[in-house]
Amino acid sequence: MKAFFQSLLRHPSGRIGAAIVLLYIIVALLSQAGLTPYDPLKQFRIERLQGATLAHWMGTDMFGRDVLSRLMIGIGQSFLVAFSSVGLAAVIGTLLGLTAAWFGHLWDGLVMRLMDVLLAFPAILLALLFIAVVGPGTFTSILAIAFVYTPIFTRVVRGPALSIKTRDFVDAARSFGSSTSYILTRHLMLNLVAPLTVQVTLALAWSLLTESGLSFLGLGTQPPNSSLGLMLADSVNLMEMAPWLLIFPALAVMLGILGFNLLGDALRDILDPRMRRVVA
Amino acid sequence: MNYLIRRLVTFPLVMFGVSVLVFVAIRLVPGDSITAMLGTEAGLLTPEQRQSLAVYFGLDQGWFSQYWRWLSGVFSGNLGISVTYGKPVLDVILERFPLTLELAVLAMVIALGIGLPLGVFAATRNEKRSDLAVRIFAMIGQSTPSFVIGLLIIFALSAGFGILPAMGQFVPFLEDPLGNLSQLILPAMTLGLSFTASVTRISRSAVLDVLGDDYVRTARAKGAPKARVIWRHALPNALIPVVTLSGVEFGYLLGGAVLVEQIFALPGLGRLVLDAILQRDYALVQGSVLFVALNFMIVNLLVDLTYVMLDPRIRLGGRA
Amino acid sequence: MTYGFTRKLLGSAAIVASILVATAAPSFAATLKMAWAQDATGLDPHKQTAFSSIRLLELIYEPLVRLDADLKTVPAIATSWSFSEDAKTLTFKLDPKAKFHNGAPVTAADVKASFTRILDQATGAAARANYLSIEAMETPDEHTIVFKLSQPDVPLLTAMGSINAAIVPASEIAAGKIGTQAVGSGPFKLEKWEPNARETLVVNSDWAGGKPGVDGIEIRVLPDENAILAALRAKQVDFALLNDPLVATLVPKVAGLTLNRKPVLAYHVLQLNPSRKPMTELKVRQAISCAIDRKDILDTALLGEGEVTGPLTMPGYRSDPSTLFCYSRDVEKAKKLMADAGYAGGFSATVIAATGEPPTAASEAQVIQSQLQEIGIKLDIKLMELNVYVDTWLKGDFDMAVALNGGRADPYSMYNRYWTKAGNLQKVANYIDDDLDSLMQKGRVETDPAKRREIFSAFDKHLAEVSPWIWLYTGYSYTAQQQNVQGYVPTPDGSLFGISKITLK
Amino acid sequence: MSKLLSVSGLKVGFGRGDALRPVVHGVDFDLAAGETLAIVGESGSGKSVTALSINRLVDYGGGRILDGRMDFLTAGGAVINLATASDRRMEKIRGGEIGMIFQEPMTSLNPVLTIGEQISEAFRLQRGLTGQAARAATLEALERVRIADAARRLGYYPHQLSGGMLQRVMIAMALATNPRLLIADEPTTALDVSVQAQIMALLAELRRETGTGLIFITHDMGLVAGIADRVMVMKEGQVVEQGPLDRILDHPDHPYTQHLLKAVPHFSGGRHVRRDHRRASAGETTPTLKVEGMTVRFPATAGLLRRSIGAIHAVESVDFDVMPGETLAIVGESGSGKSTTARALLGLVKPSRGTFSVLDERPANRRKPVQMVFQNPYASLNPRLDVESLLAEPVLASGERVDAAVRARMAALLERVGLPANSIRRYAHEFSGGQRQRLCIARALMVNPAVLVLDEAVSALDVSVQAKVLDLLIDLQNEMKLAYLFVSHDMAVVERIAHRVAVLYAGRIVEIGAAQAVLSSPQHAYTRRLIAAVPTMERRREIFELDTATIPTLLRPPGYEPPQDHWRVCGEDHQVRIEGDPYKDQNHVADARR
């Protein structure tokens, strides 16, 4: 693993990407531990809608809450939603993709058709259905985003799994009489780590985008806590009066996504220069 | 050829899946057409009034018979009547579809028009400064939420220059090409920008892969100049991953880009679905979602067709 | 066929097209270019209740009477009207010049047919509750209509001013084309309607109320109000209806735009649920009322765009807020009340609000949450999509709810649904006591305006006292217009009827 | 003779700045017009890089010519230094004056363009021919490389042709404009023996016809003997020896050249056969492995409804047995069904009919008595697992736990196959090809099997590494009394390791018997043709006979049953098939030239 980190740091975009993501994770952890300049929920209504000042580096919002603290909590919330939704989608997607590739025929056809149905289904209605049935809140946005990404992960796993299945070392394992679960976990899974990690980083970038889209339509994170998407959505109507409410969250979202994309690119080059060819 | 027919067989299966999912989904969501129309005033309805409205909206039947009647209608092309538009669902959809179609096509043209040459350019200048510059641009493009770009464009144009594309209604291309383009070019750019970034990245890595293949070396051994090697030999083989990505993205775009349509106030398919949901216009929701799903499947089929066209190995199968 | 109305609706497409053919397109000397964010959801005046639908239908249909800028009843189709001494019969004299868009004169028979339709359960007209007192209708001659009432019903006259009591041609009712064919007697005719996209209205040149200043109106639906502001800046729109104070307050900053701001009857309220512990305790409700700083919410969530108000919001009956219970914040008193009620440690509850309806709902909820926190009440905010919210609201399935409820010109017709024993929305209010019910019934039958004002001011005070709900403030209705638009007079019920007086320079 | 090409002090390196890796350290040689120089060496010797430097293709592979001159006599008479020529100038020379063919024909042609387009491109680039003129020239070029009914083949795509056919197309393309120099970089390594013979014959003949200079790169001394005028031996980027063919082959003076000629396996028509195991008469000991009537058929379907149109009869009622400590080699070309037979024994392919039994005195728990070693060492070891888990897998698969005894066995086996003790913690990518194959052998022996199936186990390795691995296998066999089933297409390797040989053609054994008998006096026509095609040191400047036999189709109509088979016994342990012989009913015709 040490060699992995060294090559990551040597890779030009890897360095920047890893730095940004690390910074975000630290900020997220700090905010969860409550170490923000102000209490993100505390409303100093007399000082509302102030631009950047010494007291409030990023100014205050319409309730007089400190934008910097809300940004930190927002990053924590957006990351929580991003990591859990992408994680959920990755687990389910891998399970489906792997079994579809390994057992093939009927099960493969069924899984892929189900994925077609999910992909063909407008994400907005899916999100609305979840939010309406399960009720609004962070957990629902996680479910909604996970539901949208599961088909993508299934395909990203199924492609390489199909090609690894034909490799000699899988035949060798079958010739020893290794159990299917052994082959699936040790042989197929381990060799899927590379394309999966790359897809996870890219999906994390995408989930930040989707979360902000959902919040813009009012289907995402619930006030008074904040996520990057919600802060963006709320800032829209105040764009002319308080531009900083739009600028800082927008920059934060862009930087976050940039970090994930750079990291994803670097991982792709480092982990599997060859595997890229295999990815369907 | 039979590869295609086998694909077509899966169509009804998927469409059936989508139809069941949308039928159940919209009914599971609390609040029915009556509350959507009357809002809090619905509380004033007496039981008889509520029953007569239920008949008007067709909510009185059990789910199964509603589904069965709607499905049998679908086969004969009658997707039912939209309550809010007072018109057959199919007419409403076909009225809104040209805008979304044109927006999707324009966005794709922009994305492929800029993304592909840029990607190829970056691949040939591998690891030089210009390659890095292109990749950073691509990264920025992909990192900005489309609705932020849209809002900034509108704000800049209207506040800065006081000019703005005609908003609200769709100016068909045939009637007034200039008006149409001025209306759609900005939303298409907003949609296209992030996709341009992914096309650039995918085509760059695809071309890089292909340049390492043996037949490119053979082409050079034949004395083929640099440009010919790229455009005649490398690009056709590098197109396949780009086609895959464009297919999936085009399928999404055909479903209507809700956010961009909302900001630029364009009556497209995306907003049609959203408004139909908000107004609990069941027939319209089911019809439009089915239409979007059909589009998605057709686009997937087109992508497979282009595979077959691009790659003779798939078209002709094994050894002659 | 499940969709019983298929035949009827199928016909509509043809008809809408036929309108196009029928009215040869006159050359538009001046067309008013308008924009709003929410589009009408239907054309049937008796059935539609949404604000956005009523704004459109006010221009096409006409009720018997209308309310002017200070909510006084003024003639519309009827030129004069009078109550009998025992206030049990109400007679209207119709304007002989009044004609429908299809040329047919408006007769008493049409009025009778319209009200029969409203009262018929099969129509499903939500506003039927306001006209239950009509027992019989007589048409002595073509231009006189007499309503026989089961009991004196003063509010009926103001209720006659609502579009839900619009007069439609009897022939159209018979043909069953009300919901699809917009044949009214109002200042404008509906030429073309693309729902959620665009409406085109043409002037009704032989309108009884005189010729409108413009030849036609082109209304565009721009869902995002920032887009409306941008369209105003780019001079693509002459006149626009705005809903969100955050956007409206930007209009005056733009050269060439003027903002019309008019207080409306609709009231912002924090509805408590007295059927749920601990809101069953009067002291707890009063503590909440005292802990809420209404001006602070108004200033923060609506940027001060509104006026603090008691339950009654119409000019005639509005009480001075300072005379109402705990209308100036008193946290100490609130804490004492909480302690007396045995909730010194506070409690936790959820508050529901609809996203975007009104646009300021989420902000109001957050300010309320921060204010109630000071007396130990921990609020969890649940934002819901509008229809999910309405469904939950109608079931009364909430601890608290941030709401914007519609106001009426008459106190009785405004609150009889909540605060009378037989009110249809009792299961939403979840509170009734004898004083409220008796005051309401007295107010209904009292014909003398001075006495009526006394009854309802007592009603106002009592409601604020028992505070089943915490009344906050009334907002403004906003319209923005370019320099070349003149003659528009806004009205408190947010009606756009004033457009009929607009002229374009 | 005027010198066509003279290379002096050629140095080539990869990478930039401090990461520069020199690969060719100063190479000097000359080539006269019409002369053939063979460059011999193992992988990593720099022979391919030297070839790719001549027409500067190395520049595109990340390499750079560091030093040295390459004077080339162009058609116009001018001599230019290829090392420093401009890109534009090189584009004219490449294809126009220097043609090149590569090792992997299957991937060296653009999959999305037809054969016709790719050949006519050469004409259009160098001679400006277009339309009908280019088409005619292309047809003529195809005929010249003996491709039957060329007109129809023009429209074919690369994936529709066999390896041998594709290499012919490559040759046609390279010689399209009669270049003065042709560089062939291991053109036949990926091909079957008989196809290899045809390509060599074609090259020899075209060289005579066009008088082009030829630089032939290979690692197989047999091929060098067949075609070269001069030989240059390279090792680790340097020329160890060069000179005329006969001097180098008969009196090599550099130890590495001697090693290449002696230690490395060379086919000698059965003289160097193993003699360390007399086949005891069948009665005495029961065979470890007995295969009776083994048949493998794959259902073939076509059309939309996957209608069955018969079956591919990959393996047709094959019988043989292997005694403990004995090696049976199964020989055949690609498509003969030899790998399918091997994989059937491992359960990787389900046999349609026939049985096989394994006599196994060892304790019969769930352990698999038959183990397999695969061809490609790089693909048969999971890159993500360390050596310990690789070796542990068969043990775990048979349900046993990895305990101290198992770990001790691992260490012993690693040491026995000649791998360093500390390799237990390392990963597959840290070993060379030869070491990886030893690892596979150790893994197979973990559960001390009775039979070891070796599917082309050494053909992916360098020749000298091949020799060492074969010796290891032989020692292990004698030490552990293992029965080997050795599948191969390489006659030299078979001669070195096999006690008995079975020749497989189109899924059926056509000849079986003791190695000495079968290899020195082959009875069956196919075996004779196979052995004749093997290049040997003795047959120098061989004029190979062109034969365009195509590989038979194994597709049989539904319900097809092969005729009853009869054998002619022609030796103590040597039988030849006479009845039900797939080779006879195959209408192969020797190509009648002109």
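In order of appearance the chains are A, B, C and D, and numbering begins at 1 in each one.
Following the convention adopted for this analysis, a contact is a pair of C-beta atoms (placed from the backbone, for glycine too) under 8 Å apart; a residue touches a chain by one contact, two chains touch by 3 or more.
Just so you know, these numbers come straight off a predicted model, no measurement behind them.
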*Taking each chain's C-alpha mean as its centre, the one farthest from subunit B*: D
*Which of B-D and A-C has more C-beta contact pairs*: B-D
*Where the CA atoms of subunit A average out and where those of subunit C average out, how many Å apart are those spots?*
44
*Taking each chain's centre as the mean position of its Cα atoms, how many Å separate subunit B from subunit D?*
50
*If you average the Cα atoms of subunit A and of subunit B to get two centres, how far apart are those centres in Å?*
22
*Quick one: report the Å distance separating subunit B from subunit C, using the average Cα coordinate of each chain.*
39
*For subunit B, write out the residues touching at least two other chains, lowest number first.*
29-30, 151, 155, 159, 262
*Counting only residues that touch at least 2 other chains, which ones in subunit D make the list?*
none
*asked:* Show the residues in subunit C shared as contacts by 2 or more other chains, in ascending order.
replied: 226, 385, 388
*All pairs of touching chains, please: list them by chain label.*
A-B, A-C, A-D, B-C, B-D
*What residues on subunit B touch subunit D, complex-wise?*
2, 5-6, 213-215, 217-226, 232-233, 236-237, 310-313, 316, 318-320
*Parts of subunit C lying in touch with subunit B, wherever the complex brings them together*: 2-6, 9-10, 12-13, 16, 35, 41-43, 47-50, 121-129, 179-180, 194-198, 220-224, 226-227, 229-231, 233-236, 385-388, 390-394, 403, 405-406, 417, 424-425, 427-428
_Sites on subunit A touched by subunit C in the complex_ = 41-43, 45, 48, 62-64, 128, 131-132, 135-136, 218-219, 222-224, 234, 236-241
*Would you mind writing out the residues of subunit A in touch with subunit B in their complex?*
12-13, 109, 113-114, 116-117, 119-122, 124-126, 128-129, 132-133, 205, 209, 212-213, 216-217, 229, 232, 236, 239-240, 246, 250, 253-258, 261-262, 265, 268, 276-277, 280
_Residue ranges of subunit B touching subunit A (in the complex, touch as defined)_ = 10, 13-14, 17-18, 21-22, 25-26, 28-30, 132, 135, 139-140, 142-148, 151, 155, 159, 201, 205, 209, 244, 248, 251, 255-256, 258-259, 262, 270, 273-274, 277, 285, 289, 292-293, 296-297, 300
